[in-house]
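Next come two complexes built around subunit A: one with subunit B, the other with subunit C.
On to the complex of A and B.
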């Protein structure tokens, strides 16, 4: 269970530093008290995750991750935060019982995950990766997965129209 | 540069990478220095005055003096500002703008990273700069800079959509997102370049690109007559210089991208002229686009903020979608 057979290659170091960046971002997101700082550290985590995708030869997924999560989601959150008031920011009263229980729960979850990951056997590469994986994703998306893709776009359109309708209704009474 | 990627990373190769990055930085800073000089000169000539002409011969050292002034200025941080984010924002704005330059092929053999995601890389990284602008505006703790930051982010996000949609036609014609493949597909005479078959996409791309760069007639985020200065009101000294540098590097990147996507990259306008090296053709087209952007700045009035948003969503986006349909029809019928 504990045989860490790791060869220290450049890829390993890249993985290690990106993983640390991702974890540091996530931990800081929990620890910061100002909401804008939390969002910024989340964005940092997203960028580190994109780096991990590049390491896995998934450039398309990586840049879509940066585009959507870092670009769109983070800016959406920042906008939401800036448009609302935050008077309740600051230290909350300490709740020792709750915190102990949460800590025990976290340690248990970590144990379970660690055990499960160590015991899982990952199949070695099933098929060779296509050379141009952006093209491969495009071909799959518009041939085999065309119906789910179209359904998702219909769903997005519905959400879009719904948002416009909601915004319109707020404007009306004047 | 490509073959260095596949070699193992030793000290020699790391040195080559660092030297490459420093070389690009030097080229970019040189470009920015003289882009600012020529911008002021052109606008001066168009307004029937001389432009900078005191520092150095013909005023050539004016920008150098300006930058030196900015670097020597007192570094002020407002006492009520969020110090960490205030300091971080210029860095966060500059880094993606410089990283974007890694994927631009200047000629057949001069390129740093051959990415198969192509244009997506530019859009993804420029989004990080948008965050930096909002955060810089917010961290200054000044209502004018917050307003400027908000307007800037809203504008950059809105115009990103038609910008991406306008190049879908080019991607469909080439069958690849890779910039190198896009340029190779445009080989031949100048009417084979994408700007003629994709004239609608080209127009939308140029308009949204100028807006994405926050330049006149879309320079609302820093409208000097209404917003004090925009998101960088509280910034001075080298932090302000970094924001300005970022803007001009994006100008460089957009001019390169327009050249590559629509004007045939390093291809000469006539195949008979290919004894002139490709880098030179690239540079000529690049310089022409930069000049056009300055020209537009000198001649157009500024849009109003509500007109700006409806232009993006009600005019450019439907036209971009129409362009995609027309391209698909064209490909099917031919």
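On to the complex of A and C.
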């Protein structure tokens, strides 16, 4: 079962270092107590994942990842942190039972996933993806996936209008 | 171990770390961020299958773009709900989100 017949090519080395960066960022985010540190280390993970997307010939998705996650979501979370108060961080009583149960559950889930991945047989031959990735994605998006694209635009508009309407301060009754 | 299996294992690790964060963290902002981490792990799966899957095509990348859009909408709405909640109760601790408990 544990025959990791890995060929140490350049691609594997790049994958390995980026994967280490991503996992280190995620694990540090779990261990930090200050919220700003958590956001920063998760931004590090998102950048490492963008590098992995480039490694997978998905350049356009990698740029979208940097723009959307490292740019928008991280800044949104930092604004959220600034607008709320975080004085009592790290002073709440620990909940060892809940944390142990959650850790056991997550490790079990990972074990099941790892076992399934090890036992699956994946195709070995790789067909090349188109070279001009962004152009191909644009053509697909506006021909074959035009209706889902319009639907997702409507969803995004509705969600942002809803967010503005939710967060708008209501008039004082008096 | 093929490259696809390596990518899937990395995605499984990130997903489990994110799940642990969602289950144990008390700050609602951190819970939102951990959900983003889980969504990113799923995106990595989609893109890995778009290159190394049985029929490699751009469909996985396009679906990951759709997932990212939904994740951005979710983050915006979640943050708006959080701001409204904070205005009413002056806390972001998820343990105190029990207004709707029967």
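One rule holds for everything that comes next: the second predicted complex is superposed on the first by the 153 of 174 C-alpha atoms of A that agree within 3 Å, B and C clash if a C-alpha of one lies under 4 Å from a C-alpha of the other, contacts with A are read in each partner's own complex, and residues count from 1 in each chain.
One rule holds in what follows: contacts are C-beta pairs under 8 Å (C-beta built on N, C-alpha and C of every residue); 3 or more make two chains touch, one makes a residue touch a chain.
The structure displayed is predicted, hence computed values, not measured ones.
Asks: With the two complexes overlaid on their shared chain, look at subunit A and say whether subunit B and subunit C clash or fit.
Replies: Overlaying the two structures gives subunit B and subunit C room side by side.
Asks: Applying the document's definition of touch, where does A:60 land relative to subunit B and subunit C: first, second, both, or neither?
Replies: both
Asks: When the two structures are laid over each other on chain A, which of subunit B and subunit C touches more residues of subunit A?
Replies: Counting residues of subunit A touched by each partner, the higher count goes to C.
Asks: Now for A:160: first (subunit B), second (subunit C), both, or neither, which partner does it touch?
Replies: Once the two structures are laid over each other on A, A:160 reaches subunit C alone.
Asks: May I ask you to decide whether A:72 touches subunit B, subunit C, both, or neither, giving the answer as first, second, both or neither?
Replies: Both partners, subunit B and subunit C.
Asks: Tell me which partner A:147 touches in the superposition: subunit B (first), subunit C (second), both or neither.
Replies: neither
Asks: Touch test for A:97: subunit B only (first), subunit C only (second), both, or neither?
Replies: Neither partner.
Asks: Let me test your reading of the model: by the given contact rule, A:38 touches which partner, first (subunit B), second (subunit C), both or neither?
Replies: second
Asks: Kindly classify A:134 by the partners it touches after superposition: subunit B alone (first), subunit C alone (second), both, or neither?
Replies: first
Asks: Once the two structures sit on chain A together, report how near the CA atoms of subunit B get to those of subunit C, whole Å.
Replies: Closest C-alpha pair between subunit B and subunit C: 14 Å.
Asks: Overlap of the subunit B and subunit C footprints on subunit A, residue-wise?
Replies: 60, 64, 72, 79, 133
Asks: For the complex, which residues does subunit B have touching subunit A?
Replies: 8-9, 82, 84-85, 88, 115-117, 120-121, 123-125, 127-128, 130-131, 134-135, 138-139, 146, 150, 153, 157, 160, 176-178
Asks: Which residues of subunit A touch subunit B once you look at their complex with the stated criterion?
Replies: Contacts found on subunit A: 10, 34, 36-37, 40, 43, 47, 59-60, 63-64, 66-67, 70-72, 74-75, 78-79, 82, 132-135.
Asks: Touching residues of subunit A toward subunit C in the complex: what are they?
Replies: 3-6, 11-12, 15, 19, 22-23, 26-27, 29-30, 35, 38-39, 42, 45-46, 49, 52-53, 56-58, 60-61, 64-65, 68-69, 72-73, 76-77, 79-81, 83-86, 89, 92, 95, 98-99, 102-103, 105-107, 109-110, 113-114, 117-118, 120, 122-124, 126-130, 133, 136-137, 140-141, 145, 148, 152, 155-156, 159-160, 162-164, 166-167, 169
Asks: Inside the complex, what are the residues of subunit C that reach subunit A?
Replies: 1-10, 12-21, 23-24, 26-27, 29-30, 32-34, 36-37, 40, 43-44, 47-48, 50-59, 61-62, 64-66, 68-77, 79-84, 86-87, 90, 92-93
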